[in-house]
Structures are given as C-alpha cells and as structure tokens.
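Next come two complexes, and both contain chain A; in the first it sits with chain B, in the second with chain C.
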Partner chain A sequence: MTTAKKVASKSSKSELGIDVKDLKVHYDTPDGVVKAVDGVSFSLRQGERMALVGESGSGKSTLAMALMRLTRAPGRIAGGQVYVGGRDMLDLDEEEMRLQRLNEVALVPQGAMNSLNPVMKIKNQLLDGLYDHQTEGDQKMSKEEQVEIVEKLLTAVDLAPSVAEMYPHELSGGMKQRVAIAIATSMEPRVIVADEPTSALDVVVQRNVMQTLGRLQEGLHASIILIGHDMGLVAQFSDHVGVMYAGRLVEVGPVKTVFKSPKHPYTRLLIKSLPTLSNKKDFIGIPGLPATLLNLPEGCAFCLRIGQTNPEKIPWVNVAKDHFIQDCKKCSSYGK
Partner chain B sequence: MTFRDILASIYTNYIFRRFLFFLLIIWIASTAIFLIPRLSGQDPVKEKLLLEAQRGGHMQAGLEEMAAEYSRKFGLDKPLLVQYGNYMADLFRFDFGPSIAYFPKSVNSLIGDSVIWTFGLLAVCTFIAFFVGTIAGALLGWPKSPNFLQYIFMPILTLAAIPYYLLALVLIYIFAFNLDWFPLFGGYAVATLPEWSFNFAWDVVHHAVLPASSIVLASLGFWALGMRGMMVTNQGEDFMIAAEAKGLRSIRLFFNYAVRNAVLPQTTALALSLGTVFTGSVLVEVIFRYPGLGNTLYQAIKLNDFFVIRGMIFIVIVTLGLATFIIDVTYPLLDPRVSYKKGS
Partner chain C sequence: MPAVLEAKNVTKVFGGGFLSREEENVAVNDISMSLDQKKPKIVAVAGESGSGKTTLARLLLGIADPTSGSVEYDGKDLKEISRAERREFRREVQPIFQDPYGSYNPFYKVDHVLFSPVKNFKMAENRDEAVHMVNQALEMVGLVPAETLGRLPHQLSGGQRQRVMVARALLLKPRVILADEPVSAVDASLRATILDAVSRLNKELGIAVVYVTHDLTTAYQISDEIMILYKGNLVEAGNVETVIKKPAHPYTQLLIDSIPEADPNKRWGKLDMKKTQEKIVTAPSVGWRK
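Entry: the complex of A and B
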C-alpha cells in the first residue's frame, strides 16, 4: 500500500485508531486457567497516546502481545475483539494477520538490547519487513530505492546513515532502540504498541528515545499504547492512562486527572509508592502480594489483597470527564 | 593508508596470529610425541631383536652389538638434543621413516594408500550427517513445522544412543549376511585393482554404503539434538518475538532469524569433528575391514609398528589443528560479533 493511499484510507475511515473489546488472554496450566488478561476494553482515537501501568504480573505485556496477536502457547486469546482500521484482528486468518503486523499495528519491543538479529546488518533488518509486505503487483525495490528508504528511516530517528552497514553489537542501547523505532514506523502503522521501550536505558537516553518516538507518532498520526511501570515517564508522555491490576483495568482516565485525584485504591497506592525527593524516609509499598491469577474469582480482585472479599460484579463508574473506575463498595475508600 | 588498507592489514594480522597458534600447537604436540616414548626408558630395537631371537628358539650371540649397530643406524646413540633436531627436521619434511612391519615400505606411502579411503568415507559421512541432522533439528525445533516430522525424525534420533560399531554389526547382520544386498567387508571387490573407471567407482560406493550408514545414522542424532536445542532456545529470544511482530514471512523467520543464529555453535562442532575424521571411526573400519587409516592404525598397533603409529598421531594433530585454524579464520564471517580486530 503506498503512503498516499494509506493516508487517504486513514482519514476517510473513522477517527478510531484501535478499539479493544472485552479482550481475554488465558493460560492453560495443569492447575487451572490463569486469566492473565481478563476482559479488558478500551479505545483510542488516532494520534492519541495511552499508557498502561501496573505491577509486574498485572498482565500489561501479555496484553501488548495479544494486541499484536503474538500470544504464544500455553497462552491463548480466549475472547474479545481488537478493531484496527475497522477490522477485527482476532478474526483474520494467519496470513492476513501477518500482513497487518507492521503495516497496521507495529511493536516497539521490550528489551532493546536483544530485539535485533545479531547476525544481520541494520539495513537488512529495516528492509526485510518491507519486502515481506509487498504484494505480487508491487515492483521490486531497486538498489537506489533501498538505500534511500534506509537513509530516510534512520535520519527520522536521529541516526547517521552509516548505521545501515553496522551490526547490532556495534550500537549502543539507545541506538538499538532507535533502530527498533525506525522498524516499527517503517510502514506507517495505525497503531504502535510500545512494550516498556526504554526499560533498559538510562534516564537521559530514555528521554531522548521517548521524544523521538513521540515525534514520529505525531507525524504519522498513529495511536500509541505505551506499556510501562515508570509512572514518571508515563505521566510525561501520554494523554490517557489505564491502570491494570490482576489482568483487569481498574481505572482509566486522562493522565492529569488520574495522577492528581486517583479514585481507585490501587491507583492511589501506586502513585503514593513513588519515591519523591521531599519524602525519602521509606519506600511506601503496596501491602500484600499481587493477586494470584490462578482461578481468580469474579468480583473485586483488589479486595482479596487487603483481606476482604466482594464477589459481586464491579460496575464501571464515571467519576469525572473521561475518567472511569471499577467502583468496589468495599475497598474504594481504602488508603485514602 | 586508506580505511580499507587498515582493515585488510588487521584481517591478515588476525589470520597470521591464528596461524602462529596453529604452528605452536603442532610443535608442542610433536615434542610430546618425541619425548613420551623416550621417557619409558625402553630400547625398542633391542626388544624387537630379543623377541625375534626368542621366536627363533635360541639366543643369538652378538645381540648387544647388533642393537648398538641399529641404534647407530637410526641415530639413537646421539645425544637427545641432536635426536630431537633430526626428528623435527624429518617432521618438517613430512618424513616419518620406514615402517617396521612392512619394511622397506615408508610410513608415508602406507598412510598415503589409506588416507584417501578414510577421508572419502568419513569426510563425506560427516558432511551428510551434519546437513541432514542440522536440517532435521531445525525442523524439529520450529513450532510451525508439521507434526508428522516428529514421528519420522524422533525414532532416527534414538539411534544416536547406540554406539556406531554396534550399529555396524547390526547392519552387517541384516543387509550383508541375511539379505546379501551389500558386501560383507572391504573397500572394493577382492579380485579387482583400483582404477579410474565407472565400474570400480560403483564398486567402491557399493562397499561404502554400510560403513557410511552406520556412521551417519549414529551421528545424525548428535547434530539434530544440538540444532533442535539451539532452535528452541532461540524461540525465547527477544529478536525472534520482535521479528514475528514485523510480520515477516515464515520462511524468512525460519532461515534468516532462527536457523541463521542456531547454526553458529553447530559449525564449531563440525570443525572439531572434521578434525577427528582420520581416527574417529577406527572400529567401523576394523569391523568392515575398510582399507582406511583406522584399519592401518589398528594393524600398526597390533604389530607394534612404532613409526606408523607416530606418523598417524602426527596426522591427527595436524588435521585437528588445521580444523581449528580454519574455524578460527572463517568464524568472523559467520558471526559478526567475533571480529578480526585484536582485543574484541
């Protein structure tokens, strides 16, 4: 698909970038079903940035993989819909889904250090995705075109064109992550899933890389889903934030309102546990351990953590403009 | 000097250093071969003469003189250092002296006659086993492979647990003894002389099938299991997940990403097993009475043919060193992380 055609199709279609409905990812284990993602729904308009935060094991990365439909056994996508560009990606066959990847949904992977093939030159890793999305009618890229494309992609992420001839081990962590961003944006996708894209980098490089990612995303008018546990980074980067606990979203809203006045007890504790310069006595953690996802009962998962139970179905409540929480009557005032 | 020249000089420098290392290994090993028999304190000439005399049934007079004469002839009466110098000079000229058992045939001609047989059989077998085993392992370790492959390859892999000489006996019993499809032994038919003709070539192939099968079947599993393990490990690597997220075709994922990385340790193992090609399958050659090095070595050990044994050991050292040298030089081409530059 040429750029012009794609831009046209993007603006003519609905403004919606990605629409996730009741997505479920289950792991079948000998002891029972682990519901790693348990009925997550959210939607994002084009050009919007949303962050998903939560503790380790809350299902963030599992969700990211499911959005790419890359869930691996023993995991499986147990239900739901993921609409991108008006098509339910969970409904496509394998080959159609393959063509969607990179073209419509692209991944900026976690662990920048190892996300590139160690024995392949950077230019080939930038190009092979493009080759494999060419349809039969498309002309083969000429040598000049290849050089031109690689140079354009590299300069867009502030890398020198000479990086094209290098191997991954010759690049620094930040450079590698820039290459990963260049790959992810090479086909101008509608949705970018960034799974902790800077977790392996130091803070200064982190900031630069995130700026590059943000600039490209704006240029493409793509939706971005940023998975991360770095609350500061999330607050700076995204417009919306979704807080995940035990495979479920518990609070969704604009970043500012959620950070200023978190309504769900888990969000409150998560924000409180951030160390600040003014308060450096102790790390304030969250009491208890994250809920075990094995045979997790219906109802409020956070109640279990603080020694309560509430087996009722928890309703979504609109607490402010665009700001929703899972409002459990038993624990909603916990930690206030 | 341009950038290219600098690179070229580093490149050659690396090879030069590897080559020095190769020579060093050979020097140390051949010195060991020289010293170890002399440490035993026995006089091989005297012992041989004594043995012959006892066989004759009577003690011969002048045995001491005879031994001394032979020692003089072989240069064994000279100081150790001079002997060592002569020995190294001989090695340098690839002169291993005469065979004791087949005197006056030289060790060189004895080894030369059999080396082609062993090399032909074992080098070919090693490559076949490597390629088939590696491909099988790659397919077994690939989650998108069709299931029936498991049922085909897994039984073959169990053969890896059987020693190749046992496998050889089983093959002889079934295919040569019972079915009579292949000859029982030898490198070619008994009544023929080696010549460059189609018939003779066919005869050689016909004779090689059983020994080759026993070696290939027994080592197939080694290659397949190694490759399969690396493929499975690679599946969990970040770059495989990232590559899948790029929407690459399966065939590219398989070859350019999974196999390309998994094959690296395999090639190291290939070089090492090529290094032991000459002695690797002594038992198979003995069982099939194949006219190769293994059989020659076996005969030499039986007949106490010291010079032949020494020549063989030297050849093994050289091939092993050479194989290591070749892998050292070619490995940077396979894996860019191993570089020709010094210190990295």
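Entry: the complex of A and C
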C-alpha cells in the first residue's frame, strides 16, 4: 500500500504538506449567504502540527470539512484552492477525490462515538477504508494479510489485537477514538485533519489519546490540523496556531510566540478567558456575542463585537517571525 | 444548628437485585458531606465519567433515594419529611442542569421558565412585583431584561440560556443551588460569565453552591472546598487551594497532571500513567471524613 511517492517526499523535510489559499465556504439560506469560511489561507510543512481555534460558530468545523471536501448542502465551497501533494483538491472530480481521502488527506472526526458503524466488527471497519480508497484496483487481500494489517493498525494505537473482533458498543469512548485514529492513519496520509478529536473524553484519556495521535503523526511525517476550542490542548500539542473569528483567520503564528504575546485583541481575550490552575484572578469572559455570519460586512468583524465599526479592508501584518495578524487600527489595543 | 443539606454516609447501588442478572454497580460508596448554614460555601464535586458525581447530585436533590445512609435537609431525613416540607425543600434547593437546551420547551418563550416558578410558589403578590423580580434576577446574572424576555429559547445563545437558568433558580430565593456541569455545554469563552454569576450568588446573597464538574480548573476558580470522586469513592477532599496545589492522593495527582495548561512552556503529563494507576488502587482516601 505504501507507494514510492511518499517515501520520496518524506526525505525532504521542508516540503509543503498542505497549502490552503483563499478558501471560501458559503451556506445559502433564505435570509442570505452565510460566509462560514471567508477567505482563509495558510500552509503547513510536512511533519508540522497546526491548531485552528475559535468559538462555536467561528467556522472551524466547516473549514475541516471543506479540507476533506465533505461539505454538504446547503453549504458549498465558493472559492479557493487546497493543495496537497502538489494537486489542487478542489479541482478533482468526485472519483479522484474519493481516492485522495484516507490516502492523502484523512479525517479524525469529532465524537468518534458516532462515527463508527454500530453493526460492523472493528476489523471490517478498518479494512473497509483500505478497500474503498485504495488506488491499485480492488484486488482482495488474503485472510492472513488482513489479520496481519488489522493487528498492525490496532497495535499502533495501543489497542489489543482482540479488539478486531469486537463491536463499537463493547469499547469505551477512548478506545473508539483510537479506532478512529487507526482508520485515519491506515493509508499513511500526508495530511490528518483532527476535528476536536478528544472533546468528549475525560482529561486522563484525552492525554493518552493525544499522545498516540502525536506519535503516529510523527512516524508518518504527516501534517496535522487540529481543530478545537481548548486552548490548553492547543498549547500542549501543536507547533502553530491559527485563531479564527467569524469565518476568518485573525492571527497565525508559532504557538510559543502567540501564547506569550498575542497581538490580536480576540486572541488576547481567548487566552485570558481560560481558567488556569496557577492564578485565581485572571478569569474573565469575552464580552458580547460571537458575530452572526449572515450578511457580515467587509472590514473588521471583531470591532462589531465590542460596539465599533471599521469597514475598511484589514491588512495582514507580520508582527514577528512567522507571526501574522489582521491588524485593525481601531480594536488592536482592546483588552490590553 | 443543623446543616442546610447534609449527606450522611450515602451509598447508591444500581442493579444486582434479587432476580437481576446484572452485577451490582456501586455508583456512590459511603460519602458524607454537609453544607453549612452560617458560612455558605461553594463546594465542588469533581470526577470523571463514572465517578458517581451526578448520582451524588441526584441523591442530594432527592430525585434518587440512597440505598443506605441518609440525606438530611434542615436535620430531617428527606425520606420522612411531610408534603409541605418537601415543597419547601423543592423551593430552597434549586438545580441547574448541564444542557441549556433540554431545560426549555422550544415552543414557549423564555418568560415561561421565569414566571411559572414565581407563580407556582407564590413568590409575588401581583404581576408587577413578578416582573420586577424577574428583571432583578436577570440583571443579577448579567442579562439585559429587554433583550432577553419575549424571546424563544433558540433565539438566545447557549451562554444566555444557561444564565436564564441561573436567574430562574435565583427567583425562588433558594438556600442551596446545585449545579450539575452548568458550563460543559457552553463555549470556553462564555464559561467565565456564567461561573461569575454563580459565584456572585454565593458571595452576595449567601447561597450555598454545590458545583458538580469534571473540570478542575473551573472548580479551582470558583469553589472554596473540593471533593474528588473516583469510581464512587471519595478519594480526596478539603480546601480547594490545598487539594489543587498539594494533591495528596495519586488519582488527584494524575488528574491535575493530565490537564493541558494554556502555556506551551509547561510540560503536559509528567506522571507515568501505569505506575500512577497502580498506586490509585491501593491509596487510602485523604481529607475530611465526617
């Protein structure tokens, strides 16, 4: 299954894993167009981890689905390019895209509890993905090969080989999430999109599952895009962070720099609103409500939240090495 | 003076009846706690799924009966109180539940959840007084009455809906608020506002709060005392500052160690999982045992 292309690309460390350019996802509603993802661009080298954070309704899950090209009506991808391995995913026809999924880009879905088929044994769910997305025709594997590959996949996510014969209801939440990770990594993808992979799990289990995911991703030298709202998890897991607000990226940079000196007011508030175990006072909510995406005007969306307007086009400004923000003159010092 | 609400060695066992084929499941094992009348505190009950924290909350609310032990309200066993006393108990001990969607009837305006308890418990003399009370309660939790009343539940955000629930509890002038995971369905950035409202009720109105949660960071932020539950057992309890800063039980240590802190320079998960888990089984519980 492992093809030469990946071995070749893994040797060069700085090769781009994924390059997203001006991606737009719109929902057509009777009241107008909702721009859930409004011109998002970022790129990620192979082996790097990036997290996309934001509140509910910021468009992060819509973006994850669009990267997999799994956007469903009334949503549609309204523009942009997603390059993986030098090919624009949005340019492929449906059949070509099907072969890209799992092979090039794979999804670890939100709430694995509901993403597994309840009436199918785990081993068949693992093999199902391999059969459905493989490129080299559909020649069947022998029984021995099947057992071998299932065992290999399960051991890689720290599950006992006996899990192969079980059904999803026999597994705990953490084990189900591990199965989902095993499926996502079964074809050694170049890019893994993990949409809140541990949001339904307890902290101890979360830590275990994230360590497994991180280890596999490093082994595959894949890029990973972690979607989530847990800033703590982001700080601990990823190398880069992109902060989303109202369907747009407002700040992108290395995790250490962004957490140490966040430059966009929204990022600042997002970090401040987090309760910590070290100090009791720094715990304030973000005022106002998240922006409604319906007929959102051009210009700074965060200004609207704090009762201002700035209809001008907001430029991207490079504030430090690899660290960019949407620099709005009006609200940039808010909450300092 | 007896405690407002007190659990005395409560145990709750599910399954394992005379004809049952299921094994016994001890959801809550011999736990005692009390809420003082004179110094109303915020007590956090923390634990993971299956720790028995919600079962304990249900026992305290009188929704479930303990298999052994007793829950006492003003010194009287909940099983033995009269109808009138039970009604009073229902008013004075107010729950706030996890799901801010499930607590509403989607066809009624939010006014319904605010005005009907006022009416049912005859908290107001007339309509004007009721309106005044509702407005006051909404302002207390940081909502603007004019922007909240007259709306349907789906027109409010999750955070607003949950704050309306806090306001509803407040209207009945309770002595105890029992909040079961009030913020876990709400965005991280809005949690602060809800928890702030709850903590103000405690500080300004002297309402005792039981805060049931799986999230140690928010528990640390608002509570005075904390109880850590593990598989139905109370493994550590005490002043929140001591328990969080100097956890003595290996399970508490593992929990705290597993929380991803929003600081990339701090290392996540220093403890060895296997060794700690072995220690948890044998370690004795730490802290108060009343």
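By definition in this document, the second predicted complex is superposed on the first by the 313 of 336 C-alpha atoms of A that agree within 3 Å, B and C clash if a C-alpha of one lies under 4 Å from a C-alpha of the other, contacts with A are read in each partner's own complex, and residues count from 1 in each chain.
Simple rule for what comes next: a residue touches a chain if its C-beta (ideal position, glycine included) is under 8 Å from a C-beta of that chain, and two chains touch if they have at least 3 such contacts.
Since the model is a prediction, treat every value here as computed from it, not as a measurement.
**Student:** Will chain C clash with chain B on chain A after the two structures are superposed, or do they fit?
**Tutor:** Chain B and chain C fit side by side in the superposed model.
**Student:** Mind working out whether A:L99 is in touch with chain B, chain C, both or neither, as first, second, both or neither?
**Tutor:** First partner only.
**Student:** Does the superposition put A:V204 against chain B (first), chain C (second), both, or neither?
**Tutor:** Only chain C; A:V204 stays clear of chain B.
**Student:** State whether A:P275 touches chain B only (first), chain C only (second), both chains, or neither.
**Tutor:** In the superposition, A:P275 contacts chain C only.
**Student:** Please work out whether A:G288 is in contact with chain B alone, chain C alone, both, or neither, and reply first, second, both or neither.
**Tutor:** Neither: A:G288 stays clear of chain B and chain C.
**Student:** Touching A:H229 in the superposition: chain B (first), chain C (second), both, neither?
**Tutor:** After superposing on A, A:H229 lies in contact with chain C but is clear of chain B.
**Student:** Quick check on the superposed pair: does A:M120 touch chain B, chain C, both, or neither? Answer first, second, both or neither.
**Tutor:** The first partner, chain B, only.
**Student:** Looking at the overlay, what does A:A180 touch: chain B (first), chain C (second), both, or neither?
**Tutor:** Touch status of A:A180: first partner only.
**Student:** Touching A:P74, do we find chain B (first), chain C (second), both, or neither?
**Tutor:** In the superposition, A:P74 touches no partner, neither chain B nor chain C.
**Student:** So if I put the vertex at the Cα centre of chain A, how wide is the angle out to the Cα centres of chain B and chain C? Nearest 10 degrees is fine.
**Tutor:** 70
**Student:** Just how close are chain B and chain C at their nearest CA atoms in the overlay, in Å?
**Tutor:** 5
**Student:** In their complex, what parts of chain C are in touch with chain A?
**Tutor:** Residues of chain C touching chain A: 48-49, 157-158, 187-193, 195-196, 214-218, 220-221, 244, 254-256, 258-266, 268-269, 273.
**Student:** In the complex of these two chains, what residues of chain B are touching chain A?
**Tutor:** Counting only chain B, the residues touching chain A are 143, 237-239, 241-249, 252, 256-257, 260-261, 264, 334-337.
**Student:** If we count contacts the way the header does, which residues on chain A are in touch with chain B in the complex?
**Tutor:** 65, 68, 70, 73, 98-103, 106-107, 109-111, 113-120, 128-129, 132-133, 167, 169, 180, 183
**Student:** Can you name the residues of chain A that touch chain C in the complex?
**Tutor:** 55-56, 173, 202-204, 206-208, 211, 229-237, 255-256, 259, 269-271, 273-278, 280, 283-286, 289-290
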